[in-house]
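Note that chain A is present in both complexes that follow, paired respectively with chain B and with chain C.
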Partner chain A sequence: MRKFTKYWAIFKIQLINSLAYPAELFWRSIIVVLFLWVFAQLWKLPFAGTESGVIAGLTYADTLWYLMLTEAIELSRTRLIRNISEAVKDGSVAYLLNKPYDFLLYQLSTSLGETFFRWLLTTLLGGAMAWLLVGPPPDPRGWPLVLVAILGSWVLNFCMSALIGLLAFVTEEVAPFEWVYQKMIFILGGMLIPLDFFPAWLQNLARCLPFAYQTYGPARLFVDPSLERFAALMLGQFTWIAGLSLLLALAYNRGLRRLAINGG
Partner chain B sequence: MPAIQVTNLHKNFQTKRKAVGLRGSLRSLVRAEYGTVEAVRGLSFAMDPGELLGFIGPNGAGKSTTIKILTGILFPSSGQATVLGFVPWKQRRQLAYQIGTVFGQRPQLWYHLPAIDTFSLFGKIFELDDRETSKRIAFLAEAFDIADLLETPVRKLSLGQRMRCEVAASLLHKPRLLLLDEPSIGLDVVAKQRIRDAIREMASLEGVGVLLTSHDAGDLEALCKRVIIINHGQIVYQDKVSALKRTFLTSKLVEVRYARQVAPDFHIAGTETLKVAKERYGVKLRFEARQTPVEAVMARLSEVGSVVDITISDPPLEEVIAAIYEQAERSEAAIAK
Partner chain C sequence: MNEYHPTRTPAWILLIMRELKFLLAVWKTNIASAMEYRAAFIAQMLGMILNNAVYFIFWVIFFDRFRDVRGWELSDMFLVFGVAASAFGLAAFLFGNAFYLSEIIARGRLDYYLSLPRPILLHTVASRSISSGLGDFTYGILSYLASGYCTWDGFGRFLCGVVLACMAFTSFMIIVHSLTFWLGNAAGFAGLALNAMVTFALYPVTLFEGFSKLILFTIVPAALMGALPAEFVRAFSWGALGKLFLGALLLLGLAVLVFHRGLRRYESGSAIQVEV
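Now for the complex of A and B:
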């Protein structure tokens, strides 16, 4: 049991730590309001052009609430890739290894702790804005499922980010990979445009990749909750998390052997 | 069983080598050339349980690399090492329960939070129960005189206060061995003294072994019984601190003050005059105690005139250590030739 409570403690201390500068937290979250306003203007026209007010099964209100959630997930992302790759590059990863915990679980715990309040605040501010723009949020009965899906999304993001960060063992510089990853989330993750609006082949491609399970999945479940959708999302998230965490453990163990400490 | 046993330890680092300028950079893109830096070259030593061992050497001598291998952070290139019976790089986590580490240049306390938060976190990480943790914190707060500091965010503490908290935090789980890498770096004299006192006290109280790296000879003098001096990844000297003094601190410094003025060309047989003060009352000189006994020098000094004040001291340990480094460099250069 104590083997696990330590990670809970690590999560908690990072949670408290993230409140050290509340003003910074607020300002980085408030930007969601601006984004939603822009999205609202952007999508007004296409929806006005339809008779039914529905595009690919989504209304204008659905779309905005959808984008609120994808933005909240995206904006609460931590600098994990940068942190891990820099720790690898300058060797400070070594100083995180002198305590009895698993390095990757330690990173997961701190990353979740750092994410939580950012996400909460962004969601509250974004939610208020979306409500103002298009009226009340979707069916609250779906929210618990969405929360589970968001947690899954964070873990999946952790696996991918940590994997990219650990690439620094081999490539030293990881910024290009980070850039590609982010753009993949934007497009194939359905962060900017709901995947439903894409042609079928692109939707199918997105379904085969991990990005959509991070942003599209939870947001789509939010605007149209159903157990069926939830189950499919869980299966996708679980499969990717399982596969990627295996890869991650492998990469970490191999990387550690190459660890050279600059200035040691 | 020794606390630490190291046999023929080597650690090489690969570094990318690149010729000067743009052309060199382009060439290294096509075919990178690697050079090898030998940070640790065939190190062997042992440390007894509860021993206070100093590990010193100039920058880049391989001290920190060795400590990192011993904590399981780095894999060695070859050679063996056991720490408290564990092979560090294979059993890092088991070992971590038994050792405490402080890296002077890498704080482990959470910077924005009060130290007490990090203490409780460490309690969880080392799987202590909560009552045990708070009892231990109270005890360490007393020993390191940090009770008033625990609730203050770490970023608001002075460096000296922070280091006392750092060392105290590393002792939370009652480690059997403490690895201190430059614990006094950047501290002022008083802060250094306080931290040394606390470490010494804890070591004798709980029988914790201490392996300390430093390039401050004062740390060594105050804390360690035995010293290993390394340079270029090799041991150049290893013995008791007292032996170090006996072997190398053979010269003595004398400062004398006379009631009357002395001659400007003041000289005493068997000594070397370093300085005659301007107003010619005070004199500073040095002699080799093995060649000229202290007694003889004293007698000859009082023959000159009536002595008002006299102090006899050893040259600072730092000078001695510098001399050992130089000696090692010279013999290495000779071998290279």
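Now for the complex of A and C:
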């Protein structure tokens, strides 16, 4: 347990650091208001065309609250891929090897510390906007479950981002992988559109992939909380985190073997 | 006493020619420098094409399920996405520093450009080329070709619309980043403005009415980057061309004015030696 206290300390330092530039934090977060306003304009049209006001089990209000949470999760992401790939490319990863901590756990701690307040502020601003547009949020009794799911989403994102960042060991440029990963979250992760609105075959495909467990899962749980949904989400997140962690450890150790250190 | 020479080229034309030659030389250097990392350059370009294609799947799914948005269909989205992506890409590839101007101003890195006998703003924004911009530009053309509006004269209008939209977009970026002269560092605000411009440009203009539509033509002139050039590409009209040209010209004038007004407040970072 003592081993993890240093990572807790790193997390706390990063948490405080993230408040050092409140203006930057604000400008990054306020964008959610704009996005939600545009989404509100877009989604009110399909719902206005239905008699029941329900599409694939979601109302207009559900959809807006769903999109608020997916946006908050996406907008609070850090530059993790770039940080890791830069550390690999400029060789600074080598200087971290003799430090008394694990490089990947260090990155996880800083990433979570950096994410938290970004997410909180984005959620507060987005929540205020969504409330203004479509009324009160979904049942608050489901919120604790959603928080656990969001934490799982962050860890899952870390595993995938770190894997992409470590690609710098083998390829000169990782930015294209980062862009495509982000767009996969947008579409197959259900960030821009709930998976429920997809054609059946694409829904089935998306539900098998890790992207949906990062945004769709927590946001769908938020608008329609239930223990069954939570259990299925936890199982999916845990399975993907376990598999990707294994792959990540493997990729990191293989990458280190390729590392060439010149001078110092 | 000067003699009258009827064939003598006016001084202002000579000046423009000289600056254009300079601009071409800067772009040539940028391309040569990007080619030093050829694999990364090609990867960024292809990656950006793929990135845009994956993003566009959203609209394919949306229109497959809901058919139209107040008269806008998938073909219209292909068209507007084509114009906006190409305009964005052209701006990123040719005037890449327009995206980093706040940082350049805040860190005192304008010193380098101030010390040279060339137009400061032009030199600064053209001094960086973002390789992925070429991917956006190419994707825009592919999107236009897929839109179903493709004809030979339409393609001419597409290129004309892209150039004017690029001019409007770059000018807008310069204006918001130039606020750094007054605010200290406007990078966060400029990021918000960039997101607003691109988001509004990439959504059907028919979604917005009244006051919000007014904003799209004024404060966040996204209509000049998406809807208006797309309308011009669909069918030629002097009205659309006039609005587009006038809008782009006004924004360019405003960008030059705001930047040079701000420049009076600039404090040197003594960074000449770093850049040379």
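In this section, the second predicted complex is superposed on the first by the 260 of 264 C-alpha atoms of A that agree within 3 Å, B and C clash if a C-alpha of one lies under 4 Å from a C-alpha of the other, contacts with A are read in each partner's own complex, and residues count from 1 in each chain.
One rule holds in what follows: a residue touches a chain if its C-beta (ideal position, glycine included) is under 8 Å from a C-beta of that chain, and two chains touch if they have at least 3 such contacts.
Because the structure is a prediction, the values reported are computed rather than measured.
> So, on chain A, is it clash or fit between chain B and chain C?
By the criteria stated at the top, chain C and chain B fit after superposition, with no clash.
> According to the stated criteria, A:Ala20 is in contact with first (chain B), second (chain C), both, or neither; which is it?
In the superposed model, A:Ala20 contacts chain B only, not chain C.
> Tell me which partner A:Trp179 touches in the superposition: chain B (first), chain C (second), both or neither.
A:Trp179 contacts chain C only, not chain B.
> Tell me which of chain B and chain C touches more residues of chain A.
So, of the two partners, C touches more residues of chain A.
> Between the C-alpha centres of chain B and chain C, what angle is found at the C-alpha centre of chain A, to the nearest 10 degrees?
The C-alpha centres give an angle of about 80 degrees at chain A.
> Quick one: classify A:Pro46 as touching chain B (first), chain C (second), both or neither.
In the superposition, A:Pro46 touches chain C alone.
> Taking the superposition as given, does A:Tyr101 touch the first partner, chain B, the second, chain C, both, or neither?
first
> Of the two partner chains, chain B (first) and chain C (second), which one does A:Ile193 touch, if any: first, second, both, or neither?
second
> Considering only the touch criterion stated at the top, classify A:Ile30 as touching first (chain B), second (chain C), both, or neither.
Once the two structures are laid over each other on A, A:Ile30 reaches chain C alone.
> Across all Cα pairs of chain B and chain C, what is the smallest distance in the superposition, given in whole Å?
Nearest C-alpha atoms of the two chains are 6 Å apart.
> In the superposed view, which residues of chain A touch chain B and also chain C?
none
> Under the touch definition given earlier, write down the residues of chain B that touch chain A in their complex.
Going by the criterion above, the answer is residues 13-15, 39, 64-65, 68, 71-75, 92-94, 96-97, 101, 103, 106, 108, 110, 112-113, 117-118, 120-122, 124-127, 153.
> Taking the touch rule as given, give the residues of chain A at its contact with chain C in the complex, in rising order.
23-24, 26-28, 30-31, 34-35, 38, 41-42, 45-46, 49, 171-173, 175-177, 179-180, 182-184, 186-187, 192-193, 197-199, 202
> Going by the contact rule set out above, which residues of chain C touch chain A in the complex?
Chain C reaches chain A through residues 37, 39-40, 43-44, 46-48, 50-51, 54-55, 57-58, 61-62, 64-66, 69-70, 132, 187-189, 191-192, 195-196, 199-200, 203-204, 207-208, 212.
> So in the complex, the part of chain A that touches chain B is made up of which residues?
Interface residues on chain A, with respect to chain B: 2-3, 5-6, 8-10, 13, 16-17, 20-21, 92, 94-95, 97-102, 256-257, 259-261, 264.
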